[in-house]
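Take a look at this one; I'll ask things after.
First chain written, first letter: the chains are A, B, C, D and E, and each begins at residue 1.
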Amino acid sequence: MTLSDTSAKASARGEPAGADASPEAADTRLQPVPFRGGGFRPVRVRFVGPLVFAAILVLWEAGSQSGVISNLVLPAPSEAFEAFRQLVETGQLWRHLGASLQRLIVGWTLGMSLGVAVGLMIGLFSLARAGLMPLVSALFPIPKIALLPLFVIWFGIGEGSKVATILFGSFFPTVIATSGGVDNVDRSLVRMGQSFGLSWWSIVRKIILPGAMPAILSGARISASIAIILLVAAEMIGAEYGVGAFILMAGSLFATDQLLAGVAILSAMGLIVGWLIGRAERWLLRWRS
Amino acid sequence: MDLLLRGVSHTYGDTQVLRDIDLAVGEGEIVCIIGPSGCGKSTLLRFIGGLERPDAGEVLLAGAPPAGSLNPLTYVFQDFALLPWRTVEGNVSLVLEDHGLSAAERREVIDDVLARTGLSDFKAALPRQLSGGMKQRVAIARALSVRPAVMLMDEPLSALDSQTRELLMDDLVGLWQRERFTACYVTHNLAEAVRLGHKIVVLSRRPGRIREIVEIDRDLADRQQADAKLDAIQRDLWQLLRDEARAADRELADDTV
Amino acid sequence: ALAPVAPAAAADKVNVGALRFTSHAASFVAFERGYFADEGLDVEFTFFQAAQPMAVAIASGDVDFGITAISGGLINLAEKGAIKVVGGALQEEPGIDGQMILASKAAYDAGLTSPAALAGKSFGITQTGSSFHYMVHKIADKEGIPRSEITLRPLQKVGAVIGALKTGQIDAWTIVPHIAKAIAAGPEIEPIGMIADYIPDYQVTTVFTSTANTTERPDLVKRFLTAFAKGAADFNAALVDKTVSEQEAEDMVRLIHKYVYADRPFDKAAPSIRNGAMRINEGARLNLASVSDQLEWFKSENLVPSSVTLEMLVDSSFVETD
Amino acid sequence: MTLSDTSAKASARGEPAGADASPEAADTRLQPVPFRGGGFRPVRVRFVGPLVFAAILVLWEAGSQSGVISNLVLPAPSEAFEAFRQLVETGQLWRHLGASLQRLIVGWTLGMSLGVAVGLMIGLFSLARAGLMPLVSALFPIPKIALLPLFVIWFGIGEGSKVATILFGSFFPTVIATSGGVDNVDRSLVRMGQSFGLSWWSIVRKIILPGAMPAILSGARISASIAIILLVAAEMIGAEYGVGAFILMAGSLFATDQLLAGVAILSAMGLIVGWLIGRAERWLLRWRS
Amino acid sequence: MDLLLRGVSHTYGDTQVLRDIDLAVGEGEIVCIIGPSGCGKSTLLRFIGGLERPDAGEVLLAGAPPAGSLNPLTYVFQDFALLPWRTVEGNVSLVLEDHGLSAAERREVIDDVLARTGLSDFKAALPRQLSGGMKQRVAIARALSVRPAVMLMDEPLSALDSQTRELLMDDLVGLWQRERFTACYVTHNLAEAVRLGHKIVVLSRRPGRIREIVEIDRDLADRQQADAKLDAIQRDLWQLLRDEARAADRELADDTV
């Protein structure tokens, strides 16, 4: 099967082409070149997302109405919606949402900023990596709920402990995503920057950071979701208002319709954040094909 | 296999890249494509290889690929396109793995093409450990390994020193004499073009149109020695391109005033 | 699970949900001393870390019996027709150390020396609709303090409440005696009253099972309660009434230690177990009046639908009630 | 070949090079070319990690002993260690560890595998992206603890609900990391694969997957930590043994020494997993500079 | 600025790449480096630019950079090294931003270098939208923009058609006449070498040693016309390289038997 033993075939063909060389004459046998490119580049398909949600809700409601899904297992979406409507009517929704959003925004912004900073340090400095990475590995898996008793003592039962919970929750995944992204930046671009005498800080800002941006944005998706999840854990501690507190109350009363309404609010938050990050990705990463 | 391009035009965004390209490449013919930088040569090659579709016009193919060919239409990419996570050997192996060859057969093919491109010592090297010219040779070795019926080569020797280039050109000529593959060969080196081309297609500056098609009758095997006629053709091509470039230059200068 | 040879008729398999607390000791005693086996019950324990999932597990049929305080969750599950209270367990009783009201040192020094001074103070509870929530309102009612004047701090976990109380972030709390005594021994916390003074005959915890069990296997429920009551009697005699010899009491503590504080050495665990002993109702009798009062309170706070009736919550056909 | 002819030529050019152009004479002014490369490539620094941990422990112990850190706020490491020793002596440790590790391994492996599969689908198919990505955004932020009651009903109180909790927890971050990684694969390599007639599946396995591997491994770090965190939530439901159950028990009794011992076990797990993934990274990504 | 290399040797893993390179590059001198693919030319350039350090030997620099120079030692990379997330303009701007130029000054410099490389129309294009030759011109434009005192050029014109190359070479010569920069110019094109080099350094195949240094006296400005002497030098170089390549080929063949 070497390339040289094709002489047989070559001599079999003998004359080069003959009439075939005139493509006009051989028109009947002409076929378009098979298209092999394309694909592997997801395009935006509209309406599918909303349709999927609608389909799930309709099936679920039908299942509940017909009794296939027992009310004990899962309340019907209509019940959850009713609970939600009450929440709106009593005006409680805004108090809960307001309290939660504030914690979320403060905690997540701080967690992301610190996380990106520490992630950059780990990605850039050998010493920071050796010292901090094991610390991250060791501290990340500590469950926030297990530490609640200590959090109460350290940060009090005011906003401090709530913001701290969300901050820690979004900090660690951001660190990991960022440092992974930094590791993945093409070092030949860094060498280019150095050869032009760019300052260390310029290289970090203009080469490392944009190069790690895809990973950081992926990390932001994850950390934002985790921050929303942690609303519940955060609002375990002495929170009067907040979506998490509302869910906890509903859970402890086994008021599944309210529980579901609360969870739906978290889902909606997740959707909005996901959509925003998607927009940010399209904008910040528009240089990608 | 024959290739036929009919009225191929293409526009990227606002810039028209190719306009009304009509071209026939007969079986066993090597067509060299020359033209100013950015005139659409690589784009044209992508259309021929079926990797992209032109806005207008069609690219047609006639004839069945020969039996032994693993990948009838095969590329040598301008930017090499090597997988950074595979060694030299692995990069070649990649394109052989889908064809049901036994490991021993694969190894034999790989050893052969690496020896021909002078890379036997670097079998186990990763792309980042290679020099520019070595990467280009891996790309050539990979293309050779699938025994293509049509070769689409985008400046395949541009990063090589003149001697290595000479050796590989000889190798290509030898291969062509045995296998009579069809080829589209983009190059900036006029000497290469007159050495390898049965036809030389001169594209105008962007939007690329066919300025001229120069046919060279002389058999490839006979082009080794210094040859006044070939030199004359090369000079003509040079003149043609220079005029084109001058025009472009003037136009640019006008633009930027 | 112990029976080496199956008796004539194979014993009924029963899954009992439990928390590793002294208040669940009656079940452990009944199991260890073979009272369940005597009733033809092949009991297996499933341990939970919190009462709420246990209630859900009974509703879902994973567990047959459980013991927990009456909470909003329990009532709501009952309202959905999933579970029923069938007997009583822990009850407050004058003269026996019951749940204590505690204040943080800072609040105590600032004048919170009796529950009467709770107005304007903050009070720790685990969750909305928990027994702590009920207790603080009953205290407020009795002291004539408007319920809204005591700030409630839901902190989810007993541990978190302890931390908050120790550091003075909440002013007061109530808790079962063994925990109360342990933490009040430190300098950060002062006891200021007893729950028994505010909620006499408070039915703290109850035995409950799935509605399906009460309708389809009433006999099984009966047998379970019988064995449970025997275990309760032994427990009361050894640790509450202390009518048995010290050796027998010690044996009882050792028995319970197999289940409670098992990861601590016996001599460390024993005082906690002894301190935690509160009376478990004789014959698993149920104080319906107290249950009814609790239900009314839940309704008054809109924590459960106002349509819930006592009959939905309790199946009083198995034990004596008062 | 000396530079003296250069000076001659330079002066011939009409440039007053003078003696300066003769480096042999001007050796004093010769300086090494400033080294601008290097850096931006963390090397492994040994002993720093352990040292950091040791330093923290020593400081903490000293703080506790001297009373700077009140025992209420944080028990001394020695106390936690004492609690840990008891756990070892009573043999409970192995039961807890055994139960937890099993849940962890099963749940995480399943979550990772499913996550990579779904992430690849989202990265590769427009329809999957449009339909599934919003679903991921909506479901990821749902707190597992809030759903515990429903999990009990759906998956029972046996191992099912515990494994499911961990599975869901590690599934979502993996999906996001993987799909982000796929998006970041150089499409020109994919076109190369297509031009060589590689099958779709070959392209996915040999080009997309290795290209997304750095992101997948970052995701694995995150999802493994989350899986460990979720041990506590998972073992809320009818778990007799397990590190999470042990921590919950300790927390509910405010036994901070045991709490800390349990948390330390989780940290150790995180360290080991982090170390393993680090090894995997060095092996799988050895092609990076 | 003068450059002096003393006994530079280097080994990557098991392969010795460079051996005992002694070389002096005087101020205002253009040294062309030629040699077979993979012989260590790019590596040598990295040492000179201070991007890597050789295992043995030293690279010394004498003289102060001229006042106007923003980055005395400046590269044109063989693989272009453009930031994919910056436009053509942004890629040039990148290397100007650290030098305290006003935005207007920067814009002026950018417009100038882009016009000189014929890229004015593609200011706002991203690298992925450029052809190979256009990318290379961006790399050249970027290097020119910082007014280097020493230019380290790694096959800077390899991807360009002969006419564009011609124009850019003329531009380089013009620039050199004005600014007298020092340069190390790696190329595979002997015509380029004899057109631009004051000295031509011929490296042997790997491990790269200096085979020969050819000096060309003729003034750069006078090399435009066909010139018998230059042609003779080019032929000599060709012969030199061919012998080298033959030897390499034989050795390779021996290796692989």
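Here is the rule we use: a contact is a pair of C-beta atoms (placed from the backbone, for glycine too) under 8 Å apart; a residue touches a chain by one contact, two chains touch by 3 or more.
The structure presented is a predicted model; accordingly, all values stated were derived computationally and were not measured.
Participant: Could you give the fewest steps needed to travel from subunit A to subunit C through chains in contact?
Facilitator: When the steps are counted carefully, the minimum from subunit A to subunit C is 1.
Participant: Using the contact definition given at the top, which chains are in touch with both subunit B and subunit D?
Facilitator: Joint contacts, listed by label: A, E.
Participant: In this assembly, which chains make contact with subunit B and also with subunit C?
Facilitator: Touches both subunit B and subunit C: A, D.
Participant: Identify the chain pair with more contacting C-beta pairs: A-B or A-E.
Facilitator: A-B
Participant: With chain centres taken as the means of their Cα atoms, state the distance from subunit D to subunit E in Å.
Facilitator: Distance between chain centres, rounded to whole Å: 42 Å.
Participant: Two-or-more-chain contact residues of subunit A, please, as numbers and ranges.
Facilitator: 36-37, 72, 148-150, 153, 191, 194-195, 197, 248, 251, 254, 288-289, in rising order.
Participant: Show the residues in subunit E shared as contacts by 2 or more other chains, in ascending order.
Facilitator: In subunit E, the residues touching two or more other chains are 49, 51, 73, 79.
Participant: Going through subunit C residue by residue, note those that touch at least 2 other chains and give them in order.
Facilitator: 52, 56, 59-60, 157, 159-160, 162-163, 166-167
Participant: Who touches whom among the chains?
Facilitator: A-B, A-C, A-D, A-E, B-D, B-E, C-D, D-E
Participant: In the complex formed with subunit B, which residues of subunit D make contact?
Facilitator: Its residues touching subunit B are 188-189, 191-199, 202, 206-207, 210-211, 213, 285, 287-289.
Participant: Looking at the complex, which residues from subunit B come into contact with subunit D?
Facilitator: For this pair, the touching residues of subunit B are 49, 51, 70-71, 73-75, 77, 79, 81, 83-86, 94-95, 97-98, 126, 128, 142, 146.
Participant: Can you check the complex and tell me which residues of subunit A touch subunit D?
Facilitator: Contact set of subunit A toward subunit D: 36-37, 39-46, 48-49, 51-53, 72-74, 122-127, 129-150, 153-154, 172-173, 176-177, 180-181, 183-184, 187, 190-191, 194-195, 197, 200, 203, 208, 214-215, 217-219, 221-222, 224-226, 228-233, 244, 247-248, 251, 254, 256, 259, 262-263, 266-271, 273-275, 278, 288-289.
Participant: Which bits of subunit D are touching subunit C when the two form their complex?
Facilitator: Residues 72, 86-87, 90, 92, 148-149, 152-153, 156-158, 235-240, 245-246, 248-254, 258-259 of subunit D touch subunit C in their complex.
Participant: Which bits of subunit C are touching subunit A when the two form their complex?
Facilitator: The touching residues are 52, 55-56, 59-60, 71-74, 76-77, 80, 82, 127-130, 152-157, 159-160, 162-164, 166-167, 169-170, 303-304.
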